[in-house]
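Each chain gets a letter, A, B, C, D, E and F, in the order it is written, and its residues are counted from 1.
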Amino acid sequence: MKISARNTFKGTVKSIEVGAVNAEVILEIAAGVEMTAMITKASAERLGLSVGKEAYAVVKASDVMVAID
Amino acid sequence: MKISARNTFKGTVKSIEVGAVNAEVILEIAAGVEMTAMITKASAERLGLSVGKEAYAVVKASDVMVAID
Amino acid sequence: MKISARNTFKGTVKSIEVGAVNAEVILEIAAGVEMTAMITKASAERLGLSVGKEAYAVVKASDVMVAID
Amino acid sequence: MKISARNTFKGTVKSIEVGAVNAEVILEIAAGVEMTAMITKASAERLGLSVGKEAYAVVKASDVMVAID
Amino acid sequence: MKISARNTFKGTVKSIEVGAVNAEVILEIAAGVEMTAMITKASAERLGLSVGKEAYAVVKASDVMVAID
Amino acid sequence: MKISARNTFKGTVKSIEVGAVNAEVILEIAAGVEMTAMITKASAERLGLSVGKEAYAVVKASDVMVAID
C-alpha cells in the first residue's frame, strides 16, 4: 500500500506501553532520534509490534507544525 | 514555551511553497531525512520562515501512526 | 505496508480538485457513500490519482468523532 | 448543529470498550463496514452510547488519507 | 446533532479568506479572543459562513496540546 | 519557542485525570470557559501539570471545525 501521508520514517520499536484501549509506541528512527506514537491497543496487537521489530512512523503533513526558537 | 507534543525535531527549512491560505514547508531534520508540514500561510509569514533557516517540526503523538512491511 | 490506522475503506476516485498546495479528493466507498480527503497536491500527483481509479480512504481512530441526533 | 466536517456516516454502535480516560467505539456504518472511533470516556458517557444505538461517525476531510495498492 | 468533540465555543465569524480548496475562518469566541479554523472551501460555502454570522468552533480533545512557559 | 499553531489560549489547569498511557487535562481559558486536552501521561508528568498551574491550550488551525445551529 502506498499512502498519501508525506512523512514515513523507518525505525525500530524501542518500547511499547499498553494501556486499557491505547498503546504508546516509541520508535527509534535514527541514531538517538525517537518518535512517539499513540495508537489503539488493538492496532499494536494486530501489527504484532514488539521491542526490536522494524516499523515505520507515518505522519500526515497537515499534522506537522513548525516552530522556531 | 514547553509543549506537550512528544515529537520535536530540529532541522533546517529546505523549501516553502506558499498557496492561497496554506503553505507547505519541508524541513531537513537529519542528513537526507525530510519532514513535510502543511501550515497556514499566515503562520509561515509570522514565523518568518525562509529557506536555510533553523526550525523545528513538532508532532503530537496521537497524530503518529505505525506501519510494518 | 500494514498500517495502525483502524479505518481503511476501498473505493473509487470520484473527483479531484487541485489547489495551490492541497487537493480535495472524493472517493466513493460504497454505493452512494462518499468520503472526502484533503491531501497535499504533491501526494495526489505522486499516487497518480485520477477519476475512476481504485483507492482507499484511511483514517486514524483518534480522528473519528461520534455524534447522535 | 451543522458542522464543517465533510464526512458523516450514519450507523449503529457495535461495541464500546471503555478505558481509564478514553473509549473505543465501533460503529457499523453499512452492512459489514465498520468505523472505529477513539473518543474520551466522558464523551461516550455524555452521549449515552450503548450497543445497538444509532450514531454517526464524523471525520474532518484533513484527517482522511488516500492510499493505493 | 450532539457530538463527542469536547470543545465547542460559540462565537462570531470575524473573517473568511477563501483559497482554491480550503478556507481560513477566524471566529471571535470571547471579547478579544479569536480562534482560527482551516476548513474546506466547500464547507464554508455549505454552511453559508459570512462575517458577523454566529458560529461555533469545535475541537476534539485529542487535538489539543498543553504548553507551559 | 514560537509555534505555527494558530490557536494558543492562556489558562489555568482545572483538573487532570490520569489514565494508563493518556491524561485528560481541563484548562479554564476564560471565566467559565473550559478547554479539554487529551495528552500522553508522560507529557503531563514532564510538564509538571497540577491543578491551579498556569498553562496554555494549543490547537492547530486544521484541527478546528466550524458549526452553525
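Of note:
Rule of thumb we're sticking to: a residue touches a chain if its C-beta (ideal position, glycine included) is under 8 Å from a C-beta of that chain, and two chains touch if they have at least 3 such contacts.
As the structure is a prediction and not an experimental result, all values here were calculated from the model.
Note on B-C: across the candidates C-D, B-E or A-B, the interface recurring with over half of the contact pairs conserved by residue number is B-E. With centres taken as mean Cα positions, chain F sits 17 Å from chain E.
With centres defined as mean CA coordinates, chain F is found 29 Å away from chain C. If you average the Cα atoms of chain D and of chain F, the two centres end up 23 Å apart.
Of all residues in chain D, those that touch two or more other chains are 1-6, 19-20, 22, 24, 36-40, 42-44, 47, 56, 58, 60-63, 65-69.
Going by the touch rule set out above, the chain pairs that meet are A-B, A-C, A-D, A-F, B-C, B-E, B-F, C-D, C-E, D-E, D-F, E-F.
Across the complex, chain D meets chain C through its residues 5-9, 24-25, 27, 29-30, 33, 35-39, 43-44, 47-49, 53-69. By the touch rule above, chain E contacts chain B in their complex via residues 17-20, 22-24, 36, 38, 62-63, 65-69.
Within the complex formed with chain A, the chain F residues making contact are 1-5, 19-22, 40, 42, 60, 62. Of all residues in chain D, only 1-6, 37-40, 42-44, 46-47, 56, 58, 60-62 touch chain E in the complex they form.
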